[in-house]
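Labels run A, B and C following the written order; every chain starts at residue 1.
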Amino acid sequence: MSNIHESVQMGRNTVIERGVVIGKNVVIGHNTVLLEGTYIGDNVSIGSNCVLGIKPGVNKRMRKTNQLDQGLVVESDTHVGHLVSIYAGTTIGEGVFIGDQASIRENVCIGEGSVVGRAAIVELNTNIGKSCTIQTLAYVTGDTTLEDDVFIGPCVSMSNDKYMGAQPYLLKGPTIKKGAKIGNNASLLPGITIGTNSIVGAGTVVTKDIEDNVTVAGVPAKKLN
Amino acid sequence: MSNIHESVQMGRNTVIERGVVIGKNVVIGHNTVLLEGTYIGDNVSIGSNCVLGIKPGVNKRMRKTNQLDQGLVVESDTHVGHLVSIYAGTTIGEGVFIGDQASIRENVCIGEGSVVGRAAIVELNTNIGKSCTIQTLAYVTGDTTLEDDVFIGPCVSMSNDKYMGAQPYLLKGPTIKKGAKIGNNASLLPGITIGTNSIVGAGTVVTKDIEDNVTVAGVPAKKLN
Amino acid sequence: MSNIHESVQMGRNTVIERGVVIGKNVVIGHNTVLLEGTYIGDNVSIGSNCVLGIKPGVNKRMRKTNQLDQGLVVESDTHVGHLVSIYAGTTIGEGVFIGDQASIRENVCIGEGSVVGRAAIVELNTNIGKSCTIQTLAYVTGDTTLEDDVFIGPCVSMSNDKYMGAQPYLLKGPTIKKGAKIGNNASLLPGITIGTNSIVGAGTVVTKDIEDNVTVAGVPAKKLN
């Protein structure tokens, strides 16, 4: 327990496995589990009933993930809500806000000051820039890139699986360029690119790449004006 | 512990913080956390692994909520499922049913006899009438009003944020009038009104106000007949 | 405790109620609750903070479920993630993978080798075949049938309630035939049938039966080519 700073405010019934490192002024809720090898920076707050630092499980119909020797890293000044699950091999940057019931997979990087909303899900091998907002119940699929300042509205859905399970082939999620905004409940197809500062309306189904600085809406997405 | 009625059936590993009041004939599951200042009425049942009475956390890119001196109030004869999170400053009326894995924010009022489905989410500053049904995985955004007898289908999505994060400006969710019904996976845009007893079809994208007693469907929503 | 095999690796703060049976080489995470009458087969792994074997709760505006004397059955070689809830009266077949934060209701049968994704929800009285994939945040409504080898994309939404709460009348979910694939965020209306090996595009709204071996897309769904 020598790697846990004496200033930590620890809830009741917490489970802190071996090799966990906890910085200064950290607050941890009740019934929260920090699994082996998790690193928690200074001034982090974590809610109750969370499970952090999960090692991926697999079955024969799911992808095996790459070697994941690294634990979960949660950098300083970050807030993690209640009932959250986060995997090993992921890095949550400084000053990030993770809402309650969110879930974040392995091999994800979330940039400084971003927000992952309530019950939002971020799948594996995904890179999220700085100051992004991912709203409530949004689904960021695996193998996705969000540049800085991207806004993902509530209930947005993405896919990385063009052939819907007819493996093997390459999985590839969307690439969303700096400052783009995706309206609530929009659907993004595998491998598409949304251009810089472009806007996708609520409920839009995006089937092709969208250029920079345009607004699109409809099923399938068409440029407005 | 003098404010906890002797008839309570308390699960194992529960955490009951100070200032919690629990009425008669209450059943509380295992590993559930009741945070400071929570009030639980008579004949309430609460599942396992819940976190109730959460004080809002914020980061600099999120709204600060108003002063919230009040705790969470759960009135009598209400059922709360498992793995549920509910915030302080909210009142859940009598005979309400909250499904497993639902999440309800601060400054929300839910009327008598309403149902909040499994994994449904209700954001802050929202008022839900009596005998409403909010189905599984539906998303009720912040600053929303549901009058009595409203039906929100599964996976319905709402937004309160016309400019998608380009703050500051006023956030405003939908207003859904008495008896209106919203089909599954419909998308409602910020600030719109759905008229009394109107019906919105599944998968509809509602971009403008809908008058009373009509049925709409499509992207964007159009009146049928 | 005589029905718990000595080889079990039990986490901390677990709650194992009476009448629970646990096979050989089972791993159970921390803070997990196994309720009365739950059966866990050999080589099963279960994550932390789960609640398994839940007896249905009801209020007067919800369906009463049929007699449910049976507990939950989880067959051998199955993996259950973290923060999962599963009800009594349900059978999870061999070699199934249940993602974190998934929820499965009572009177459900899930066939061998199927995957239920992260935060996916399966409602009551539903039958899921072998080798199906139900992706993240998908919603499988009550009274639904999935034959073998069905693929349900992320955030797919279904309904079983044609009149949206104006009970009483028969509830009926979709029937999805062998090998059909449903794209992300598609909406399926009550009682429809999707034919064998047919493909439904992302964001499609399916309002009528779809024949075998076709591809459909749009709002409402139309056949391509």
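Just so it is clear, contacts are C-beta pairs under 8 Å (C-beta built on N, C-alpha and C of every residue); 3 or more make two chains touch, one makes a residue touch a chain.
Since the structure is predicted, the reported quantities are computational estimates derived from the model, not experimental observations.
Common neighbours of subunit B and subunit C, by the contact definition above: A.
Mostly differing positions are employed by subunit A and subunit B in their mutual contact, as under half of the interface residue numbers are shared between these two copies.
Relative orientation of subunit A and subunit C, expressed as the C-alpha superposition rotation angle, is 120° to the nearest 5.
Averaged C-alpha coordinates put the centre of subunit A at 24 Å from the centre of subunit B.
Annotation for subunit A: residues 13, 31, 49, 83, 101, 119, 137, 155, 185, 219 touch two or more other chains.
Listing the residues of subunit A that touch subunit C in their complex gives 13, 15, 31, 33, 49-51, 54, 57-62, 83, 85, 101, 103, 119, 121, 123, 137, 139, 141, 155, 157-159, 161, 164-165, 185, 187, 189, 205, 207, 219. Residues of subunit B that touch subunit C in their complex: 11-13, 29-31, 45, 47-49, 79, 81-83, 95-97, 100-101, 113, 115, 118-119, 131, 133, 136-137, 151, 153-155, 181, 183-185, 199, 201-203, 218-219.
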